[in-house]
Amino acid sequence: MIQHLPATIPDELFAAFADSLAKAARELAAQGWTPATSSNFSMRINEEHAAITVSGRDKARLGRDDIMLIDMDGRAIGTDSRPSAETALHTQIYRRWPEAQVVLHTHSRTQSVASRLFAADGVVHLRGWELQKAIPGYTPHDSVLDIPVFPNTQQMAELVAHIDAWLDSDKPLHAYLIDGHGIYTWGSSMEETRRHLEALEFLLACELDLRVLRAS
Amino acid sequence: MIQHLPATIPDELFAAFADSLAKAARELAAQGWTPATSSNFSMRINEEHAAITVSGRDKARLGRDDIMLIDMDGRAIGTDSRPSAETALHTQIYRRWPEAQVVLHTHSRTQSVASRLFAADGVVHLRGWELQKAIPGYTPHDSVLDIPVFPNTQQMAELVAHIDAWLDSDKPLHAYLIDGHGIYTWGSSMEETRRHLEALEFLLACELDLRVLRAS
Amino acid sequence: MIQHLPATIPDELFAAFADSLAKAARELAAQGWTPATSSNFSMRINEEHAAITVSGRDKARLGRDDIMLIDMDGRAIGTDSRPSAETALHTQIYRRWPEAQVVLHTHSRTQSVASRLFAADGVVHLRGWELQKAIPGYTPHDSVLDIPVFPNTQQMAELVAHIDAWLDSDKPLHAYLIDGHGIYTWGSSMEETRRHLEALEFLLACELDLRVLRAS
Amino acid sequence: MIQHLPATIPDELFAAFADSLAKAARELAAQGWTPATSSNFSMRINEEHAAITVSGRDKARLGRDDIMLIDMDGRAIGTDSRPSAETALHTQIYRRWPEAQVVLHTHSRTQSVASRLFAADGVVHLRGWELQKAIPGYTPHDSVLDIPVFPNTQQMAELVAHIDAWLDSDKPLHAYLIDGHGIYTWGSSMEETRRHLEALEFLLACELDLRVLRAS
């Protein structure tokens, strides 16, 4: 892949972001959270640009060349590659949360199933789990951590509008699900965002298990 | 194993097909999808020939010598080895889909259980999952992806006839289940076929989870 | 461990058996089927002797020195080590099946749970699974493969008597469960016995999954 | 991390304890039992001191520098690092059981779900599982092994008092759960404590599976 970078982004800088994204993608793929070329990942480079995964690549084998540059309107910069179909969801997050540096979207079995199960409610209420503390703003284990579930659509503009409406509420938000699809989460560093993702996967899995067990 | 090849198939060509099949088999075995020497795999070499796994071998340890040549009637060519018992299902696919280059048949826990659960219906209806997009012809997530389930029998001719009847419908088809048994899927390359298989395993697993959760 | 061997068993022969058992134990431990030093494994050396795992060792780290010699009454030969508490079950199998060369007893979650669930029935009926063909005598998938479940007891003589009573029936038998405990299976080689064990674990897991799904 | 050690604890001794803890932490993290920097681990060094994990570190990457010294009141000794928030639970165990040398606290999906499910009862009754024998004092498989479940709280003093009240009963005790949280277990060596933890995880998982299956 040929990637022409703007003068403000040195080659080494972009390469470092690309390597970091590719490594995270391979590790998440190894956990089975990115089936069949699904999922996408990005990092903010500066106020106007982000690095993001090229559409349709196998995440288990991702390398530096599978990462491309976009601007905050989701346009490809300096390359003919096509960014992920859901790029608009990444740039929406960077625009609304100035402190967001990383966006991870995965597609695990637990995430997909939870999104279907709670789609009618529009939200998953998580309560009573110690691990909620891994999400900023939810220190006490008895607080309620709400993860919204948005209806799926192939029209990104529609999805962006749904999310904007929810975001205009005042609740802290660090993640959302899309029905039948997967999770989006973000944070101020790759390390923090991976921790959010790991905690949310765990919490959703526990919630589903408990539901089946309580009905038994 | 001694394999005498026809003049139209150079040694190196057959070896490349055999290596590709053996590698795929070992990787699928590592995921636990080929228990106790079950499962079989093939690749079309030309209009008249395919490479296929020899019957009864441990897929976790498969090598080049565990792959043999057959013609499109399923007869062993240039070897005394016995091809998989279900060879007729592979050649049926190659005859009906000129673009099919690879057939993978695995036997995961999810595939086996789903085949039993939906055997009476004769079909699994998949709907509402984003990952359906991994199967050609099902771009919108709200389309219905039907995976037929055929009754199991040790008589291959009977099974071939069942499948032929279904195939005469006009629906796109990229996979079927056999009751109590496993899945068959195919595609135009090893990469595409692996992607189909990975997506179908994921979709079936999600569908089963959701069924238990919705009853809770 | 000091092991004095009878003249009829050369050092190299015993070492080969011990290495084969230790390797199988480590591989089964890696699958999580031998929790907390449970499980035991043996191989027949000749009509009068078998090699068996020493009691209480961590199966994930098993080596040649964790294997000892016993006679067919379960007595330690040429060593002060204590054989597995359930040695009498191994020697019973060798006495009753002259063709049995290997006995594997594991303790997976699926095996333990299935044994509890079907303890009151005294048997697990497996029917309709293609993989039943992995067990000799069950070629057609629509035959019924019965796995008896015996009540657990710390008195081996009692357990041996229970098993003897069942064995006096005429059915083929290649495995049994003990309530709350695990599975015993055997075969004419390590390869065949591993195949039996892998198939039975798979079949029991499918049967449990299907039961929950059918109730949904 | 700079760690100033008292004269009674040579550098090499502390390093050996730290390495042992870090290795156990990495292995337990690899099993997925320490999601999102949760879990903590300690070893008694002498009557007055223990080594314990520093708060908030990723257990999958734990090294010698992530282990610090505390006294038996839970105070950091010779370092500015902050010990785990739940240090008081570790020192309580060392004070009450003179033979306890190791305390492991993990946070697996099974442990978290079981703690929620049985929180109202305040106890998990385990009965009928052969693997109960892995816990000292429960030799016969038909004894009842009770694992108490304590209410979760961010106030350690409250939790310590709850646990003290339970401990004043005469039952043998080798583990407890905290609601929505995870398990604490201990033993006279790292090997024994790992065996307890592995057995308890297995027993809880079996108990949950059986509950769902019995309701089917």
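Should a chain be cited, it is by its letter among A, B, C and D, assigned in written order, with residues numbered from 1 in that chain.
Note that a contact is a pair of C-beta atoms (placed from the backbone, for glycine too) under 8 Å apart; a residue touches a chain by one contact, two chains touch by 3 or more.
Computed from a predicted model, the values in this text were never measured in an experiment.
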What chain is the most remote from subunit B, judged by the mean position of CA atoms in each chain? D
Interface residue identity across copies subunit B, subunit C - same or different by half: different
With chain centres defined as C-alpha means, what is the inter-centre distance between subunit A and subunit B in Å? 33
Expressed in whole Å, how far the mean CA point of subunit A lies from that of subunit C is 47
Within subunit D, the set of residues that touch 2 or more other chains is 212, 214-215
Determine the shape of the graph in which chains are vertices and touching pairs are edges (line, ring, star, complete, other). ring
According to the definition already given, which pairs of chains are in contact? A-B, A-D, B-C, C-D
Where on subunit B is subunit C touching in the complex? 35-38, 58, 107, 109, 112-113, 116-117, 152, 154, 178-182, 208, 211-212, 214-215
Given the complex with subunit B, which residues does subunit C contribute to the contact? 128-131, 134, 139-142, 191, 195-196, 198-199, 202, 205-206, 209-210, 212-216
